[in-house]
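To keep things clear, I will list the structure first and then write my remarks on it.
Read from first to last, the chains carry the letters A, B, C, D and E; within each, the first residue is number 1.
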Amino acid sequence: MILRPRPHWVHLLFVRRGSLVPRILSQQLFIFALSCAVVLLHGQLFHWKVTLTATPFSLMGVAFAIFLGFRINASYDRYWEARKLWGAVLVEARNLARQALNLATPRDTQRAFVLGLVGFATAMRNQLRARPRDTDLAGLLPMDLVERVRTARFAPALILLWLGEWLRERRTAGELDAIAAQQMEQSLNDLSGALGGCERIANTPLPFTYSVILHRSAYFYCMLLPFGLVDSIGIMTPLIVCFVSYTFFALEALSDEIDDPFGTMPNDLALDALVAGIDASLREMLGEPLPPAPVPDANYLLT
Amino acid sequence: MILRPRPHWVHLLFVRRGSLVPRILSQQLFIFALSCAVVLLHGQLFHWKVTLTATPFSLMGVAFAIFLGFRINASYDRYWEARKLWGAVLVEARNLARQALNLATPRDTQRAFVLGLVGFATAMRNQLRARPRDTDLAGLLPMDLVERVRTARFAPALILLWLGEWLRERRTAGELDAIAAQQMEQSLNDLSGALGGCERIANTPLPFTYSVILHRSAYFYCMLLPFGLVDSIGIMTPLIVCFVSYTFFALEALSDEIDDPFGTMPNDLALDALVAGIDASLREMLGEPLPPAPVPDANYLLT
Amino acid sequence: MILRPRPHWVHLLFVRRGSLVPRILSQQLFIFALSCAVVLLHGQLFHWKVTLTATPFSLMGVAFAIFLGFRINASYDRYWEARKLWGAVLVEARNLARQALNLATPRDTQRAFVLGLVGFATAMRNQLRARPRDTDLAGLLPMDLVERVRTARFAPALILLWLGEWLRERRTAGELDAIAAQQMEQSLNDLSGALGGCERIANTPLPFTYSVILHRSAYFYCMLLPFGLVDSIGIMTPLIVCFVSYTFFALEALSDEIDDPFGTMPNDLALDALVAGIDASLREMLGEPLPPAPVPDANYLLT
Amino acid sequence: MILRPRPHWVHLLFVRRGSLVPRILSQQLFIFALSCAVVLLHGQLFHWKVTLTATPFSLMGVAFAIFLGFRINASYDRYWEARKLWGAVLVEARNLARQALNLATPRDTQRAFVLGLVGFATAMRNQLRARPRDTDLAGLLPMDLVERVRTARFAPALILLWLGEWLRERRTAGELDAIAAQQMEQSLNDLSGALGGCERIANTPLPFTYSVILHRSAYFYCMLLPFGLVDSIGIMTPLIVCFVSYTFFALEALSDEIDDPFGTMPNDLALDALVAGIDASLREMLGEPLPPAPVPDANYLLT
Amino acid sequence: MILRPRPHWVHLLFVRRGSLVPRILSQQLFIFALSCAVVLLHGQLFHWKVTLTATPFSLMGVAFAIFLGFRINASYDRYWEARKLWGAVLVEARNLARQALNLATPRDTQRAFVLGLVGFATAMRNQLRARPRDTDLAGLLPMDLVERVRTARFAPALILLWLGEWLRERRTAGELDAIAAQQMEQSLNDLSGALGGCERIANTPLPFTYSVILHRSAYFYCMLLPFGLVDSIGIMTPLIVCFVSYTFFALEALSDEIDDPFGTMPNDLALDALVAGIDASLREMLGEPLPPAPVPDANYLLT
């Protein structure tokens, strides 16, 4: 995630970080070269004049903008839903910790449970980012559970099972009544719901065909555009075509980036910082010293 | 569902799988032939000049794009809601399994319940895909229930009834207190809600009239378009008309495809893989060996 | 509701059922006659030339399309919310039936409750479609309740009251513990919520002023359009004007139709079929023989 | 709320009630006079020709329509959310009444509680419409509570407090078990949620700046429009400008009206009728005679 | 938040407060100067004619308006969700107060809890506005808790922990049964959810890249526009360009303002007034005298 104070409006025109320019540079250069060639040749291809005017482009441009607008909308909804689900993990972890800390259970046992919640969030991040299943888990979960998790396909679900066992033991020990146990089980269900929601977003992309249609429309549109503009705006064609194609290509690339919000591209969610935040909040509730809060790096990136 | 890594931007322009070209080929060829004929005849029909300019097309084009944009939006909402409901089946199945595995019930009895949850998901897929009601159910449910399901109209609802009976038996056996029973009943209610939601999407299409109006607008628009463009862009008419009609026809076909997301067309939901994922996750919680995860076939299709 | 397999794309261009053509025929004929008159008179009214060009129409056309798009969106949301509420009735009726059938209550008593749920759905349909309050209720509810319902203003709420009394009797008889009773009360609350939601949609139309403004914009637009087009496209004017006005009028008429989704127009919800589905699903859970499933009539209509 | 059967399409073009014409008449007359002046002066201001063409208006028109479309959408969402919250009041009042009537409590005590629910809805309307806090409350609530409510700032919250006390008394009297009490408390929470939601809509308008920007865009656009059109459509300018400005001004005025849906303008919610409906439904459940249902007045208005 | 009665339509055209003119003045002056220069030089740059027409601007203008429309929508959704979350704090605080006041607990103890709820809301505001953690907390919370909060990173979560301890003490003292305790814990969970939601909105801005792309499109568009218009509308160019750029720049600035709705800019949420409202409502329930309601200042601003 890019986290920086909003620069001055002039500065914002020239900022390079977060502008996606590097990612779409080859496409842009291709379109620019094509536009220049069209201007030099006065729109002729092999001595044959390409008879295009701006008319069809205004027909197509609006339609395409509407469809691209929908794509951005759908991508952003996925991004924001993913963020909401991680927010729910923080909220439910806090709720479970609050209730566990108010039980008449030995402090050590409480602490194991609270750290287990951090372990759940960590394992969920590992699964979503396809890291080794047991990254950063040592110290948060019992050794035998870490072992089991190392080779599991659905590791966070196993940790939820373990958290459920902890509750049953408290219940058997008479430290937890049936009603409070139900409520904590409900919070486990909500954690399970957040996990399932993230798996859904990670496993089900936007329909591939939709991306194909939009991609083709955008590229053919920008490739034909210089032929349509050269007769009316002449030498300004490359500038305008690059401007239009930058907007379209960059928005398409951004949609593609936030479509799968669990990746590590600049605009993806900062899962590491989210896990660190959950860790810090629960440790503060335990009364333990806090690790420093994660800060964006020199490129304003938070991973 | 088409599941493939995003190809290079050049490759994406020419990819054939998932481009819907085969499905709309006849329409496209018809429009292309019509455009060529219009160019050859200079827009004359039986020696009578069709007096169309691009003006009315820009009027209609934007309106039509807005209405088509709405249709895509509504179709995608149906698709995504269906996916959410299947996600809820996974989540609630895991929750029920977690709670069942934490009961003081013999392992065999627990296993019957957990596999019954897989049976519910399987029967739900069978109903939504109109397969024989008992496909793949043997081994997951008791024989007499499979028998009953074979001829049932609402098979998954009967399996929920059976799961409810299992809970009552645990309750009678004193292995489950009233509070925990209520919570598990609640999860059954949520499974029932997911089932009802999928039945709703499957049984209630988008208003048919809406499809008719949009279909007509799209086709008449594209059929008249060559007459409107031939005077200004001449020989480029077929290219532009095919480009416009590809975008409109393909988006309409895609909307039609994801409208009913439970089918087996390329962009529909991969129900088989979803059921396999539920099966694997519950078996992992049982500590049993896992079947291999389903992978897309050579055409990147996951069914 | 119109329920038909999607016809071939050529067929879909000429289908008459569900095209709303009959409903907007008089408007369309008026616009067509006006366009022809304008062409014949070369845009002159009483020897005075109406000086309109296409320019203002492209200004207004897009704005109008956006506002109409919003209207369609809002109407469809009402339609789909209504469908969701009826889906909730099915789901909660199944949940209540499942829980009632798992009680240690005599079968006859259980059956009275389950049929009472069908009675609730039937009474809800009667209220929403303004049919006599007791249509089809005989055999589903006790005679004295049918009597009370016959003259009631809010009949389904009275049936919920009766279902609540049934629960209290089970509780008094010791067949239902407090926790399970609470959960079934919750399902009654959800039925009550679905009822209230449907009453809300039925009683609160879209703001009338909105319909007036859109209606006027659409009609004045189409009436002025021939004057704007006749100079540039001449004899093609009537065709184009009819095409534009068909799209606008038909979409406005469709919005008007699904606005109030409980009516009996072709695109309204098939409440009779929904009630029959609830009836069949509950009877299957009771183990009773099922009535045949409702099928669309020769016009593909399901009421 | 305007509640009338949909008039014939011809009639709808000329209907005056609900068309907002009176409210925006002065603006419309101003724009009409300006247009006529522009036509008479051939677009010259003090012998200086205003060099405007239609081009910039098509640039601005679409952008403005999109922003206005968003405003309408946001206003309608507020309107519909407010309606949903009032629907929730009806539903929860019915639920509480159903559960209270099924208690083993003397009829009189039950009746006091049920009428107290009507009192809550009445007090909520009084607060939202800024009427004297105790309007219509006599006979619904105990005298001392009416006294307290008269000078309260948040009257409905005090009535909820009283309803909670009633529950506690039932519980102390042994007529209500802990579980059922919890469920009724939950319904009180939901009433509290509906109250809080309505307060939120009433106290937080759409950002004022947004209204300012849109208002300015609309008015400057319509004031400049005659200069842009006079050269191409001449004497038709006033007609077209009035048409465009009617659509824009009326939609802006309508948005402004339904923005704050609790007022008493024609398109606002019919809070009086809603309260009367809650009153009638609860009295029917009590088995008491019903007051006549509220009907729209001669102007089709329901307050 | 700007809270003022809607001015007369003429007045609204010239209002300065809330028009964002001061904030975007430098940009506007730059664009105005550029336009004037273009008019004076007849579109020539260093004796070289910039060959731009209005055509590409209509292509880009619509696309840009659609993308800006989406941005406004997303920003407003964040604003409104934040307002809903604060509404939930009010509702749940009232619910908890109602239930606490109905317990058989000494009045003083009840009062400490109710004021603790106000303390939670105050601490939440302090965190969101980055004020010293303990601002205004004295008198609302016990001294040692204020001490702990002063140096905490997640202060409101610690206050929730303390509220949970209060509940446990009531439970241990036998003043609260398990069921009612669960319900109050649920309300604490909902407060925790509102807190987590606000942290989510505060910590996760809209993707930075999206702002960059839109900002660039808006500014390049407005800088090039005078070259495109000067040939057709001549001396009117600066007026029209300023009008277009005011709409685009002001909407972009407004989106930027309500994106982060917890700030102290004019259109941000009035957190101080919201906290004061929660304080007043809870004190009214306690039967204590109320502080005066916060009113907007001379500039109609409520902080």
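Keep in mind that, in the parts below, contacts are C-beta pairs under 8 Å (C-beta built on N, C-alpha and C of every residue); 3 or more make two chains touch, one makes a residue touch a chain.
Please read these numbers as outputs of a predicted model, since none were measured by experiment.
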How would you label the chain B and chain C contact, same or different, if same means the shared numbers make up over half of all numbers there?
-> different
Averaging C-alpha coordinates per chain, one finds the centres of chain A and chain E separated by a number of Å equal to 24
Where the CA atoms of chain A average out and where those of chain C average out, how many Å apart are those spots?
-> 38
In chain D, the residues touching two or more other chains are 58, 62, 64, 66, 69, 178-179, 182
Starting from chain A and stepping next to chain E, give every chain of the ring in the order they occur.
-> A, E, D, C, B
Of all residues in chain E, which touch chain D in the complex?
-> 1-4, 6, 9, 12-13, 15, 18-20, 54, 57-58, 61-62, 64-66, 68-69, 72-73, 76, 79, 83-84, 87-88, 90-91, 94-95, 98-99, 101-102, 177-180, 182-183, 187, 229, 232-236, 240, 243-244, 246-248, 250-251, 254, 257-258, 266-267, 269, 280-281, 284-285, 290, 293, 300
Within the complex, chain A is touched by chain E residues 26-27, 50-53, 55-56, 58-60, 62-64, 66-67, 69-70, 74, 152-154, 157-158, 160-161, 164-165, 167-168, 178-179, 181-182, 185-186, 188-189, 192-193, 195-197, 199-200, 204-205, 207-213, 215-217, 219-220, 224, 256
